[in-house]
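In the two complexes that follow, chain A is the common piece, with chain B as its partner first and chain C second.
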Partner chain A sequence: MEQLAQVFNIGLLQNTLRTATPVILAAMGGLLTEQAGIMNIGMDGMILMGAFVAVAFSYACASASMGVLMAVLIGILVGIFFAIFVVKLKSDEFIIGMALNTFAGGLTVYLLRSIFGVKGTFSDAGIVSLPTVHLDFLDGIPVLGPLLNDNSIFVYITWVLVFLTWLFLYRTPYGFWLRAAGEHPESLETAGISAQKMKLIASIMCGVFCGFAGAHLSLGYLTMFSEGMSNSRGFIAFACVIFGMANPPKVFLAALLFGFLQALGLRLQNVGVPADITSIIPYLATILMLVYVVVAGDRKKKNKAKKELKNIN
Partner chain B sequence: MQESIVKFEHVSMQFPGVLANDDVSFDIKKGEVFALVGENGAGKSTLMNILYGINKPTGGNVYIKGKKVEKYSPSDAISQGVGMVHQHFMLVPSFTVAQNIVMSKEPKKMGIFYDLKAADKITENLVKEYGLEVDGKATVAEISVGLQQRVEILKTLYRGADVLILDEPTAVLTPQETEELFQVIRRIVKEKEMTVIIITHKLYEVMAISDRVGVMRQGRLIGVEETKNVNERILASMMVGREVLFDNIEKTGTPGDVQIKADNLYVADNRGLMAVNGVSLEVRAGEVLGIAAIEGNGQSELLEALTGMRPVARGEFFIQGEKSNGKTPGQIRELGLAHIPEDRMSTGVSLQSTITENLIIGKQKESAFSKYKTHLKQSSIARYAEELFEKFDMRGSGVETRVGDLSGGNMQKVVVAREFSFDTPTLIIAQPTRGVDIGAMEFIHKQIIAKRNEGCAILLASADLDEVFRLSDRIITLYEGKITGEFKAGEIDKMGISYYMTGDRSGGNGGQEGGAENE
Partner chain C sequence: MNKLTTAFQKNRSYLTALFLSIVTALILGAILMLITGYNPLAGYAAMLKGVFGNSRVFGNTLAKMLTLCLTGLAMAVCSKAGMFNVGGEGQLFLGGLAATMVGVCLEGISPIIAVPLAFLSAAAVGGFYAWIPAMLKVKLNVSEVITTIMLNSVAIYLCTYLTNSGGPLLTDDRGVLGGTEAVPDPFMFSQLIPRSNLSTAIIYSAAIAFICWYVMKKTTMGLEMKITGENSRFAFFSGLKKDKIMVLAMVASGAICGLVGMFEVYGYQQRFMDSISNEFYYDGMLVAMIMNYNPLGIIIMSFFFAVVDIGAGAMELSIGISGELSDIIFAIIIFLMAAEGGITKFLNERKARKEAQK
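Up next is the complex of A and B:
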């Protein structure tokens, strides 16, 4: 009982928010490319580069906002790079995505050694982390107070971005064009708007979101950079995009679910469950999520057919 | 009426390896309905794509309203008042009708937000102004093809088009829907002083709707005539370059035993919705049973089920008297069935393979072509391929040509040659001449009737009603997966059958307001 209380307490929810945030951010980017008809598995590499650049410039300029700014900038560049190959030159999305991940992994390791002269992890008091937010009026409220207070600023920005993403996709003409570019590009072209341009924009926005995700990871969630620190979050974000059918609120919930499972894993470690097992949880969940999407889709079809046959009788 | 609104001046279009338009010059006059006819590949669509700014001509000039076109792009064409309804609709299926109509010129509020209500209002007003009835709030995926076409027309009207290009507009419509479309065309030309250019290869439609007609052949403009000065026969020979005889092909023999039988068959479509709802039919040896149906009424799923490509949800079917539920396509073929599938590109041929390889598919283990079923006898295969190439009148640079490089007509001949040379007692044929030119169509029709006369049981589905009427001994109509009528050849005409195709069994008493209108 005491152990249960140790796992399921307010800290679990706090951890959920913290761990879900980078995934939510990347997933918002991923759903934009998904809606624009691009299969983007390069998000992991985009996050990693963002994380590195954020730490590097936060340290060099002694400014967290400078780190974030440069992470976004590198996100834009990587987004353009990705779009040049995938949209303009029509290369295979899968190959380019994989290449991007491998490239990001190698490049960050190389730069880590050549610039900072360290192997594995760069951690220094000179890295300025992102501020946390404290709202006094929340202090008095039980549960919500401790849950919503003292989070890294990106946790709050993320919620706003989820709303803005939805607003963009479903309440502005540009969002409609982006979705049309994915669903039926010829119809957009004949209406006089370049589908390629919309795909480029989606790709750049995805880069920006992944830059945010990386910056949050290395300056908000932790205050350091370590090799491969994206830790497959880009792939999990992709799974969330598929699970949430590229719809911002649904993808947001899927990412929260992932965050919850990861937080649960961490908590279980505290009560003696081996880390080898607990760290499987989020990845296992990802696989189950994807299996569910396929099975549910199939079952829905079969049920529909069955129901129709019943109606005939 | 005499004022020229569009002028082509020595327009040429050179694609790699193909001269699609060759020195084309003519005028289109304000307020007329101009029909552009020609066989597949004659260059009609290319020419219209130039007018709409999709292609930039490699030679010559285009003038719209007296102004020379400098920049070729759809958005420039749109701003000049040119609108185009493409053969394949340019609509986003998950968007509503209104959202599709206003796309790229959306009403906004507060500068950046999409005013969805205003879009509905705009659509309502357009519908009222032009009398093209359609529900602006419906999702495009949910509405019928005929209505989708209206959405396309409204889309161009919203953009202020006064020159409307319709690319093969009637290919997907029933005769009744076609008549409604023609009424719309007549109305907008008369009341709104619009100019309509209609691309088609159905000559009776040219006669019915157009003021003038231009005929194209192999990229060249053969002539422009006043419609009242020509007839279908003259136009056909201009299109093909020789006399075309639409004679009836002689049918001989009497029907024999039942070869294909379906008993209360239910089949689901890809989404799990029931597409075939209790169909029972019989096809006898020596007869052609034609299925007349608008696309999407279960004919595709029915044929796929009968050939083993799609599971049956309920009911039974028999090929050659043997129950065939659950059998694989290969097992069903072994019972004595050959199949010309509806989509030749995806299921009819291997695009990457040569003509020879495609002709041998399914026969590669026959002793004539292989030793011990493992080694192909290349020389006898080559001889066999040459023979079929000759017999089925394929054009092109020989049997080693990649099938993906062939024209639609020749590709279809490869499929027909392969399937017909299985010499099976039953045949299931879907869309045998879709996208095939008149010459090849004539040839394929003769082959089908020859098979019938030999005593083959043939089940035929085609979106081309002329084809169904020409080839069938009996015709059934399908509507929403149910058989709505059965007729002997000659018992009914095209107009009459269209009521059954739209689910109206009254046989036309409902007049023009029937079926299709209420989809």
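Up next is the complex of A and C:
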């Protein structure tokens, strides 16, 4: 009983919010490219580059906002780079995505070694982390107070961004065109709007979101950069996009579920479950999630078809 | 020889592009070294010395080539059938662990029985671990790219747990920090070049590579795989059992990866440790992608990759330039090849359009 209380407490929910945030951010970017009809498995590399640049500039300029700004900038550049290959030159998305991940992994470690002279991990008191937010009026409230207070600023920004992404996709003409670029590029072209341009925009926005995710990872969630610290989060974000059918609120919930599972793993370590075993949970859960969404989708389709058949008869 | 020249002429533009890409990537690597304050000439010299300096390092390079070649072929086998196995790393880990445990448990038995059993277990475990995502893809249409990546992490964490302090398979030997019990000496492959990593695994690898090439290029099975990969609808209407072919290709890919894991242990490491592979499969994937999944090309290209990879490691030790430079160079080659393909397509389209207007 005591052990159970050690696992399931307010800390679990706090950890959920913290671990889910980078995945939510990357997944928001991923759903934009997914809606625009691009299979983007290069997100892991995009996050990694964002994380590195954020730490490097936070350290060099002694300013966290400078770190975030540069992470966004590199996100834009990588987004354009990705789009040139995938959209303009029509290269294989899978190959470019994988090459981008390798490139990011290699470049960040190389620069880590040659600029900071360390191998593996760079943590220094000179890295300025992102501020946390404290809202006084939440102080008195029992559960929500400790849960929603004193989080890194990106936790809150993320919620706003999820809403903005939804607003953009479903309430603006640009969002409409972007979705059309993925679903019916020919119709979009007929309407006089370039599908390639919309794909480029989606790719750049994905880069920006991944830049945010990386900056949060290295300046908010932790205050350091370590080799391969994205740790397949880009792929998990991609799985969340599929699980949430590229719909912002649904993807958000999928990422939260992932965060919950990872937090659960962290908590289980406190009661003596080996860390390597608990680390497996989110990856295994991702596979189960994917299987579930496909099976459920099939059943829905079948039921719908049956109903329609009945109506005809 | 005549055949070879015709093959060369047929692919001349491709090979020229490849050569130029490699040269450009090496130049870009040199520029990166310059920017970060190193002398690129010294860097590349250290690289060459680290590969051709003496027989030991050259043996290591050849051993590395075998690994890359087999992982590259594993990628090619499934990609030809339209499946993307990104999970080779996990299959390699589990296959290696299975073969090691078979070897450890059969201590005292004749190697003639034990070693083939180790082969079987490595291939079976690797194959099974690839069978899971293959079935999910074929039966439920779950993207194998994501499931295999996730299964990688699952396998690696599992092996890390099993073979480190607190894990059930940790060795009792004193002075060993992590890893399983050692495979008994009589089971180990014999060394071809003293003190290097090169062992008789080269013979088995050559056999596997030959089988891959033969099946893919010379048999109906290979043709069926190709048809399935290029146009699965056409394959379906031609009466091919495309699901079966896809699963089989994936299992074969996993089995090869499992064997690579076994070769790492039986070739020189002797114990299974969680450091058995440092993303070997991803490098193999890059080789396969650059060579368009062509088996013969993969065999040749893996030598170049091995030179850069082992050379970069030596460079890191001797003059302190990070060995990750190799990954950067590989990725740049892929980007350049992709760009070249795209630009050629773009130019051809424009030419065709102009001619159509005439």
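Note that in this section the second predicted complex is superposed on the first by the 300 of 313 C-alpha atoms of A that agree within 3 Å, B and C clash if a C-alpha of one lies under 4 Å from a C-alpha of the other, contacts with A are read in each partner's own complex, and residues count from 1 in each chain.
Criterion: a contact is a pair of C-beta atoms (placed from the backbone, for glycine too) under 8 Å apart; a residue touches a chain by one contact, two chains touch by 3 or more.
As the structure is a computational prediction, the values presented were derived from the model and not from experiment.
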After the superposition on A, what does A:Arg171 contact: first (chain B), second (chain C), both or neither? first
A:Gly192 contacts which: chain B (first), chain C (second), both, neither? first
Regarding the shared-chain residue A:Ser114, is it in contact with chain B (first), chain C (second), both, or neither? second
In this superposition, which partner touches a larger number of chain A residues, chain B or chain C? C
Is A:Lys302 in contact with chain B, with chain C, with both, or with neither (first, second, both, neither)? first
Applying the document's definition of touch, where does A:Ile96 land relative to chain B and chain C: first, second, both, or neither? second
Is A:Ile141 touching anything from chain B or chain C once the two structures are fitted on A? First, second, both or neither. neither
Examine A:His184 and indicate which partner it touches, taking first as chain B and second as chain C; both and neither are also allowed. first
Interfacial residue positions of chain A with respect to chain C in the complex: 41, 85, 88-92, 94-96, 98-100, 102-103, 105-107, 109-115, 119, 232, 235-236, 238-239, 242, 274, 276-277, 279-280, 283-284, 286-287, 290-291, 294-295, 298
Could you pull out which chain C residues touch chain A in their complex? 32, 36-38, 84, 86, 136, 140-143, 145-147, 149-151, 153-154, 157-158, 160-161, 164, 166-167, 282, 285-286, 289, 320-322, 324-328, 330-332, 334-335, 338-339, 341-343, 345-346
Seen from chain A, its contact residues with chain B in the complex are 171-177, 179-180, 183-184, 186-193, 300-305, 308-309, 312
Which of the residues in chain B end up touching chain A in this complex? 52, 54, 73-75, 78, 84, 86, 88-95, 99-100, 103-104, 106, 108, 112-114, 116, 155, 266, 268, 271-274, 277-278, 313-314
